[in-house]
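Below are structures written as structure tokens.
After this come two complexes, each holding subunit A, first together with subunit B and then together with subunit C.
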Partner chain A sequence: MGKYIEMIRVRFLMMLAYRTNYYSGILIYSINIGAYYFLWNAIYGGKGEIEGLSVIQMTTYVAVAWMARAFYFNNIDREIAQEIKEGKVAVEFIRPYHYLLMKTMQGLGEGIFRLSFFSIPGMIIVSLIFPIEFSAAFSTWMFFVIAIILSFIVNTQINLLTGVMTFFFFNNDGLIRAKRVVIDLFSGLLLPISFYPGWAQNVMDFLPFQAISYIPSMIFTEGFTGSAVWEAILFQLVWAVILILPIQALWVIAKKRLIVQGG
Partner chain B sequence: MKHGSIFFLYVSQYMKTRLTYRVDMLMEIMSDLLFQAVNLIFILVVFGHTNMLSGWSKDEIIFIYGFFLVPFAIFGAFFNIWDFNERYIVKGEMDRILTRPVHSLFQIILERMELESLFGVLTGIAVMIYAGSHLDLSLSWYDPIVFLFMVLGGAFVYAGIFILLASISFWSDSRTSIMPMMYNIGNYGRYPVDIYNKVIRFVLTWILPFAFVGVYPSAYFLGREEWYGYAFLTPVMGAVFFGFAIFMWNIGVTKYRGAGN
Partner chain C sequence: MEKVIDVQSLRKDFKSHSSRSGLKGAFRDLFTRNYKVISAVKDISFTVNEGEMVGYIGENGAGKSTSIKMLTGILTPTSGIVRVNGMDPHKEREKFVRSIGVVFGQRSQLWWDIAVQESFRLLKKVYNVPDDVYNEHMNHVIESLDIGPLLDKPVRKLSLGQRMRCELAAALLHNPKLLFLDEPTIGLDVLVKLKIRNFLKEINEKYKTTILLTTHDLTDIEALCDRVVMLDEGQIIYDGELAKLRSNWGEGKQIEFQFGEQVSGEQLQPLLKELEAEWTKGDRENVWIANVVNEEHVISEVIGRVVAANRITDIKIHEISTEEIIRNIYEEGMRNG
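Our next item is the complex of A and B:
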């Protein structure tokens, strides 16, 4: 266990060394939040609420969805693909840790860094510019914390899955890019899932993507209340468990048919 | 003449290298398409909940997006020099560029072109035809010519902004994130400017004129006469911004001192 915590720490410190890159990141996210803020205001027009969300809740949703993205987002799929292509993964196999777990921990180190130097200051800045409502209830915050941890897990699992597929496709830049687009759309980052037409919502209920952005953001904006919160967290939890299976299966097969192309 | 033949030599060379990795190229085009589809889906879903966006209908917004794709594709194919600072200044590649017999910016465009991005022109036109058929738009004989000018104007606005930003590297080679930021600001131009407040509208019109890439020129084809003034300004803005960018680039090149060994 100690070695994994050390990995989180090392990655955190590595990110800290390049922290100036992140100040501009806050600005970029604020620009995006601003664009959607105006867009949503125009969409609402005079309407009080759409799909149970008021315009202020919607602004809050957009802001928290982007800022939470800074926490759960990582590039470990790209890193894994790179290490497989360069043949470095062969060395990783003989090291005394689980390669995928090690990658997850590095992602977590990155996430914790961005949460403290990006999301939290970013959220404060954004809340000064745009009308955003923070919940006063302690339980909302508690559920939100649980939800973003689970969203990190689900997103990382999907990243691991895409990364490990490099073993089979050798070059999967396209898949990685496609995955990113799919996640932006179906995770609820751009649009709350409840805005989609009914049939699309039904389809998405059977996919893990809404666990990434929609659920934590809806909890934060109190779009979910009462039992809906529990159901949402259960949804995330179930997917976090289910996704272990394909990852483990692919990993076992990949280890057997590993072809090192160089390194 | 010399420039033309060099250009086509580079294009044919580019095609050869890209066609060697066909699957890769196909994947790239596919992921571009997917990205464009996401933006369309966003518009479609949003209009499931509202009929008008500040007085613009669904098909009009889709038309604007379709138009935006065309100049953006041209920009992406030839002027996408977002990594200029890192690639040419920090690594000292600019030294090599300056020894070439053509204008330094032209040489860089030759080296950095990404022709597969031109596929977006087709997507854009298809989207416009789709939206236009719903809107019963009528075309005059001169509209294709106007379209050409509008598209070039929009592409030159984009190119001008990015060349100006690239020129900053001649004075300061420290790494900045202005370029990725510009892509995000550029997205503002895809929607009607009336949804923004006065300050943003002013910025999008006169300072970072991304509105001239999407909404203003589209207003002409949509017959929105209140915006005609801005619409016809599109080629002018393109020429002015592009001209100013080249001017600053030329000054910048004289300030270039080289880096590394």
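Our next item is the complex of A and C:
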């Protein structure tokens, strides 16, 4: 286990090595939150609430969704694809660890870095500029922590799945880009799931994407209360377990048919 | 003696698709594809004993890298048996890779953006090396490879020679019994090469580390290996002592004469009568080379006769280099195959 924790630390150091990315990231996220704040204000107009969310809850939802994204978001699908294309994956196979687990830990290192140097300071700045409501209840915070950990797991699993597919397609930039749009749209980052038409909501109940952004944001804004919170976390947990199967299956097949490109 | 590597009729086939020509062909490729099976390694067998340093040579595309990748468990063989350190490299991967060290000359194993010592620290955790073992072993390695001053620099800022020495140290961090080196000296200067060679000799003596070395630089092989395994088109064409290879194929010497005046082949031919020798024309004007067997009386007889009959401005005697021998073998091999 020590080696996986060490990997988190190493990724942390790597993030520090590229500080410019970090500063520009803060700027981009602030612009996004600002833009959505004004957009939603215009949509709400004089209305008190839409689909059960008040305008303040909506602003909080947007801010939290973007800040949580900083934690769960990572580029490990792109990294895996690149390592396969360049043949670097050969080096990973001669190390005594599980490649995908190591990649997950790198994602986690990145997530923790962004959460502590990016989301938390960013959230403080945003709350000074825009009216945002923080819950005082301890249980809400606790559920939120559980929810974003699970959303990290589900998002990372989807990334691993996309990344491992490079073994079969050799070049899957298109798939990676499509995945990114699908996640931003269906995870509830841009629009809460409750705003979608009924049939679309039904379809999305059978897809893992809302576990990524919609659930933690709804828990934080207290859009979910009581048993709905438990159901939402159960939903995330079930998907986290289900997604292990295709990843493991693809990984076993991929290892068998591995062709190291170049050299 | 203990067998470290045991390979029995190892084979690797690759399936690759061939593109049809033209626009029409490209459209047809969208629906059906032509597949071709290419055998990169064709039923090779060999064994390596503990403590041996073996040179594994062959032209580009001869199947060296493919077989090394099977030996290290990166690729699965199509058929055949591989036992390395008494394990199946692919089936018991995590346990197996702890017992080997690998250096790929063309790829870095260190993490590009962080200091060398951070990479070492991570590898130490990955291989579970205890502190006291690590300190004793690595202090020695760091000193012999002279990389102490490089440890706090990020890998991307190192020169190729510096990086290669760090790669070697990283591969030896867990003190493996078996070391695979895939072109470790590619693009390095003479001093760094010497340093690396001396270091490899030293660890081979100290820890009885078995080393399998692939390279295109035959001076590496000459300096380190007693035994060579030579591959051509996926098959082993020679497996044995380097010295024997030299004496079988590299018999004889070349005597290069620079004549003071214009001479012709017909003029020189009678000089070698009844001797095991023949003339070839040199690449400069008035230069002729006598290829002779490596026997004292023949060499002195040839020189005596030529010097007596012609005016000579320069004489050089060459031994046939390993490089030439290898080239001869390949040319021969291609002609026969």
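In this text, the second predicted complex is superposed on the first by the 261 of 263 C-alpha atoms of A that agree within 3 Å, B and C clash if a C-alpha of one lies under 4 Å from a C-alpha of the other, contacts with A are read in each partner's own complex, and residues count from 1 in each chain.
Here is the rule we go by: contacts are C-beta pairs under 8 Å (C-beta built on N, C-alpha and C of every residue); 3 or more make two chains touch, one makes a residue touch a chain.
Values in this document were obtained by computation on a predicted structure and should not be read as measured data.
Clash or fit: subunit B and subunit C on subunit A?
fit
Once the two complexes are aligned on chain A, which partner has more residues of subunit A within touching range, subunit B or subunit C?
Per-residue touch count on subunit A favours B.
First (subunit B), second (subunit C), both or neither: which does A:N32 touch?
first
A:S24 contacts which: subunit B (first), subunit C (second), both, neither?
First partner only, subunit B.
Could you tell me if A:G198 is touching subunit B, subunit C, both of them or neither one (first, second, both, neither)?
Neither partner.
Looking at the overlay, what does A:G226 touch: subunit B (first), subunit C (second), both, or neither?
Neither partner.
What angle, rounded to a multiple of 10°, is defined by the Cα centres of subunit B, subunit A and subunit C, with the middle one as vertex?
90
Can A:G174 be said to touch subunit B (first), subunit C (second), both, or neither?
Once the two structures are laid over each other on A, A:G174 reaches subunit B alone.
Of the two partner chains, subunit B (first) and subunit C (second), which one does A:G48 touch, if any: first, second, both, or neither?
After superposing on A, A:G48 lies clear of both subunit B and subunit C.
Once you lay one complex on the other using chain A, what is the shortest C-alpha distance from subunit B to subunit C, in Å?
10
Where on subunit C is subunit A touching in the complex?
14, 65, 69, 72-76, 93-95, 97-98, 100, 102, 104, 106-109, 111, 113-114, 118, 121-122, 125-128, 154
Which bits of subunit B are touching subunit A when the two form their complex?
Against subunit A, the touching part of subunit B is residues 23-24, 27-28, 30-31, 34-35, 38, 41-42, 45-46, 48-50, 52-54, 175-178, 180-181, 184-185, 187-188, 191, 194-197, 200.
Enumerate the contact residues on subunit A facing subunit C in the complex.
2-3, 6-7, 10, 13-14, 17-18, 87-88, 90-91, 93-98, 255-256, 258-260, 263
For a test of understanding, state which residues of subunit A touch subunit B in their complex under the given definition.
Within the complex, subunit A contacts subunit B at residues 21, 24-25, 27-28, 31-32, 34-35, 38-39, 41-45, 47, 50-51, 171, 173-175, 177-178, 181-182, 184-185, 190-191, 195-197.
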